[in-house]
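In what follows, chain A forms one complex with chain B and a second complex with chain C.
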Partner chain A sequence: MPPAADTTRRRIAFGGVLLLVAALPFWVRNPYQLHIASLIGVYWVLIGGLNLVAGYAGAISVGHVGLLSVGAYAFAILAGPHGWHPALAVLAAGALGGLCGLLIGLPSLRLPGFYFAMSTLACSLIIGELALAKQNLTGGGVGLAVPGFAAPFRSARGLYWLVLLLAGAVTWFTWNVTRRMWGRALIAVRDSVIAAQATGVPILRVKLTVFVFSGVTAGVAGALFGSLQSYITPDTFVFEMGLFFFVCIIIGGRGSIIGPLIGTAVLTALPELSAPLARLSNFLYGVLLLVVVLIAPEGIGRLLETSIARIRGQRPTSLPVDPDLRRLAAAIRSGHSP
Partner chain B sequence: MLTVLVSGLASGALLAAAALVYNVMFSTSKVLGVTTGQTAMLGGVFGAWFMTRLHFPVIGALLGSVIVGAVFGLLTDLIAVRRVLSRSDEHLWLLSTLALATITQQAVALWWGTEPLPFPRIIHQDFGAGLLDQKYWLPVVTALALAAALELFYRRTLYGKLFLAMSEDAFAARARGIPTDRIRALSYVIVGAMGGLAGFMAGQLTFAYFAVGITLSLNGFIALAVGGLGSNAGALVGGAALGILSAGASYFIGGEYQNTIAVGVLMLVLLVKPAGLFGAQVARPV
Partner chain C sequence: MKVLEARNVSKRFGGVVALSQVTIDIQPGEIHGLIGPNGSGKTTMLNLLSGYYRPEEGTICLGEMDLSQAAVQRRSAGGIARTFQKPRLLPTLTVVDNAMIGGWTATRAGFLSSALGLPLPAREERLLRARALELLSGVGLGGVLSRRASLLEHAEQRFLEIARGLMGNPQFLLLDEPAGGLTGVEIGHLQSILKVVRDAGVGVLLVEHHTDFVFRVSDRVTTLDLGKVIKHGVPSDVRSDPEVIRVYLGP
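After this line comes the complex of A and B, so read on.
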């Protein structure tokens, strides 16, 4: 098949899927399914940003639930008692999430893997603790009612389309980032810090930038999440939720966008299928994570890709490195690049 | 004031025990398993189960807890560490132990329930003993005994020397004919037994509660990072310091800020002295 036809077919399929997803409020059977679809979108706003940190840069952050709760509380407080316009409050929630990301990332991203994971875990616990302690601000253990959005996005359908819009924006942004130099730098950092450092990748700056970006998306996701759930307490943002975000990425596959997207959709929808599954959900996330790490560390998406290629009879192609040795030697001898 | 000191020392001793567990684990496999806190949690929960439900005598319950911990340690090695170490991705062991820790915690929550249940008395003692109560001095004695036993083990026994050889250079140790896989499995059995014992002895402090594990993993690690990775003396000092600081903070400022204080201490120490108080300095590769 010529590549042009392939691209056209891919575009048609992509447009069809997009249309189907955008028209979801018209073909779901009940409002609860619409709620689940919105929830998937909200989670994806966060996970899309986290994917750059965890999936591409390889920094294991299990504490993004803390940033989510920062965004949710900021939105609830600013749009509720302070009477800000919801659009402004979302921006403020995103900015605050980014600021918290900067404050957390600046010291902890310098640390090696396990130290970093533990710092993010600790930060999520601290934020939960503060949310419980600052009663006059957050309502303590009782919680806080979260206001809805302004007119066109007030209804469940409107909120769904807003979520879809933001999720699409995050996806588009991360897709652009990962295809270009930045994405290569992130993958280099993940695969070998030493090699990346030796080739001149500014490790801390690269990691910190994507971490702050993931903080912004987490803050925005928090605002959407609060508005969707309409009531938040510190018990909403448990540690297991941070683990859930992370598991979605690992199961989908690191270094891919479509894999974690499918992972998010499946893992969010799965516990809603039946009551016993919901009770066991955290246990199942643990089992899934263990199975994926042991059997397919590349993620299920990559596993599917290779098995489809095998069924179709395609041999894995190798890309031999074939440097022009004579030219290279001449360049070294003359002391500067050709 | 004395109450703060004593209770802080007691909870700090449990953190020190967790830090010692991390040290042994790290020496043979260069892995810092998130399952560390779960071994102590299992010790506490199974200790309470043996004594209150099965009516074991104290010695039997103690042995049972240690055996449960040891079996869990062995399972950790077999499931989460052995296969992962053969691959050369440095983050995978973190994910696999995190997964195993989550599975364990959720399984205990489903089986035991999510309420903290009281842990029975280990030694017959009146409840009016105040600061001399067993729940304060039992963890401290346990942590000190564990550290002393480890020191003896490393210095006086052949297996201890094998552990040291593996921590120095696992490849060289393997080249000299040391069965590194078997030694690592043994180290995880020891790790599990230590955690089970510490969890059993501190059971009256933590209660038999399924969620103890994850905070213990975190705070034990903070104690270790403050004291210096790889140093047993550092583990004891770091644990005691962190325990007293947390107790003091919750006494003077309020109980809501315990984690905040602990992490503040960690960040401060890592900024000033990245290797910890007693740790060895490591050169940067680039």
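After this line comes the complex of A and C, so read on.
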């Protein structure tokens, strides 16, 4: 297939899917389904950012639920009692999430994998306890009502479109990052620290940058999440939620965007399909995780990639290495005389 | 033109002296062979020059600049590239992407400008990709550009590492046993590649066990034994030195 036709076809498919998703409020059967669709989008705002940290840079963070709660409480407090405009409160929630990301990431991202995971876990537990203890600010165990957004995002439909817009933005940002040098640098940090160093990639700076970015998206997701749930307590942000975000990425596949997106949608919607499934949700996550880790350790994203390649009949053939010395000389010299 | 130099460097691991008061210099546009028996300190020297180890005594200099305590990344940005005994590639990325990461120090686009899709990262991407294609075709990997690195043959991995090293326009290229595991024909290709690299003005340090290859391709050869230089000179002198023959080459 010529590449131009390929691109056109892809664009048409992409446009079709986008239209279908944007029109979702008109074709869902009940408000609850719309709520679930919004929830998927909210989770994706967080997971899309976390994907750069966990899926690309390979830093195992299981504590992003803490950053989600920071965003949710910040939004609830600023847009509620303090009477800020919701749009401003979302920005503040994102900024606060990013700041917390910086404060958590700066000391902990130097630690090797397991210890980093433990420190993110510890941070999320501390944030949960703080939310419980700071009664006059957070309402303690009783919780806090979260205001809605201003019109036109006040209705359930409006909120869905706002979530869709922000989820789309996060997807676009991460897609831009991952297809350029930064994406390669992140994967280098994940797969070979030695190769990353040798090519000049500043490891801590790269990890910290995406961690702060994921803090911002988690903070924004928190604001949306609170508004969607309309009421939050410390019990809303259980530790399992942080694990859930991470599992979505592992099931979707490291180093992919579409994989974790599918993972998020499936894992969020699965327990909601019917009441009996809801009781089994942790069991289902467990089984799905086992299946992926054992059968397709590279996740849904990679599975898609290989199946497409197989359908198109691309098979690797090996040619003997045959240097083109004149071209090599020209290339080296051109680099030395810019 | 700058010279890459280690002056009187020493390195110990616990009680073991890996290098003791060794001086070696690599000139631009030369191939400098570094040979010696196992444990003589060849790879230690390469790690000191590229920054993976810091010397206990002595200095590492690039021209007038003292790099003794500089991080690996700073040396890479300063024009020192290297390859590894066991190729260190990114297995899930394609050949082109693996080469392009070698151009990291040549790019300026930050995270935000990339995320927002600004023109600078896209322009840098185009230039780097074009350069990667030239270099990869140059070293003979033009036929496997979109293959995952995990699926490459051994020789392809070695040549890809060289291409990645060249992506950052280095002044010096340090090679750790590049001929290891290659067939005779492939060593021939390696030899022509190294000569092209040298003739373009790049200084090459060649740490290698394959002595025939080293004597054939090098302009100068240094021999180490037990962390000390025992002979240094043009290949024919080193090859006929009785001490070198006694400890390493054999009669």
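Heads up, the rule we're going with is that the second predicted complex is superposed on the first by the 305 of 338 C-alpha atoms of A that agree within 3 Å, B and C clash if a C-alpha of one lies under 4 Å from a C-alpha of the other, contacts with A are read in each partner's own complex, and residues count from 1 in each chain.
Heads up, the rule we're going with is that a residue touches a chain if its C-beta (ideal position, glycine included) is under 8 Å from a C-beta of that chain, and two chains touch if they have at least 3 such contacts.
Since we're looking at a predicted model, the values are computed, not measured.
Asker: Looking at the overlay, does A:A329 come into contact with chain B only (first), chain C only (second), both, or neither?
Answerer: The second partner, chain C, only.
Asker: State whether A:T209 touches chain B only (first), chain C only (second), both chains, or neither.
Answerer: second
Asker: Mind working out whether A:N176 is in touch with chain B, chain C, both or neither, as first, second, both or neither?
Answerer: Touch status of A:N176: second partner only.
Asker: Between chain B (first) and chain C (second), which, if any, makes contact with A:L319: first, second, both or neither?
Answerer: second
Asker: Return first, second, both or neither, reflecting whether A:A188 touches chain B, chain C, both chains, or no partner chain.
Answerer: Touch status of A:A188: second partner only.
Asker: Quick check for you: in the superposed arrangement, does A:L50 touch first (chain B), second (chain C), both or neither?
Answerer: neither
Asker: Is A:L109 contacted by the first partner chain B, the second partner chain C, both or neither?
Answerer: Neither chain B nor chain C is touched by A:L109.
Asker: Can A:T199 be said to touch chain B (first), chain C (second), both, or neither?
Answerer: second
Asker: Considering each complex separately, which residues of chain A are in contact with chain B in the first and with chain C in the second?
Answerer: 194, 197-198
Asker: Of all residues in chain C, which touch chain A in the complex?
Answerer: Residue positions touching the partner: 50-52, 71-73, 76-77, 81-82, 84, 88-93, 97, 100-105, 107, 109, 111, 114-117, 121-122, 124-125, 128, 131, 134-135, 137-144, 147, 151, 153, 155-156, 159, 164, 166, 168-169, 185-186, 189, 192-193, 196-197, 199-202.
Asker: Please name which positions on chain B make contact with chain A in the complex.
Answerer: It comes out as residues 32, 79-80, 83-84, 87, 89-92, 94-96, 98-103, 106-107, 110, 214-215, 218, 221-222, 225, 254, 256-260, 262-263, 266-267, 270-271, 285-286.
Asker: Under the touch definition given earlier, write down the residues of chain A that touch chain B in their complex.
Answerer: 58, 60, 62, 107, 111, 113-115, 117-119, 121-123, 125-126, 129-130, 132-133, 194, 197-198, 239-240, 243, 250, 279-280, 282-283, 285-287, 289-290, 293-294, 297
Asker: Quick one: in the complex, what on chain A touches chain C?
Answerer: 172-174, 176-177, 180-182, 184-185, 187-188, 191-192, 194-195, 197-202, 209-210, 213, 255, 298, 316, 318-325, 327-336
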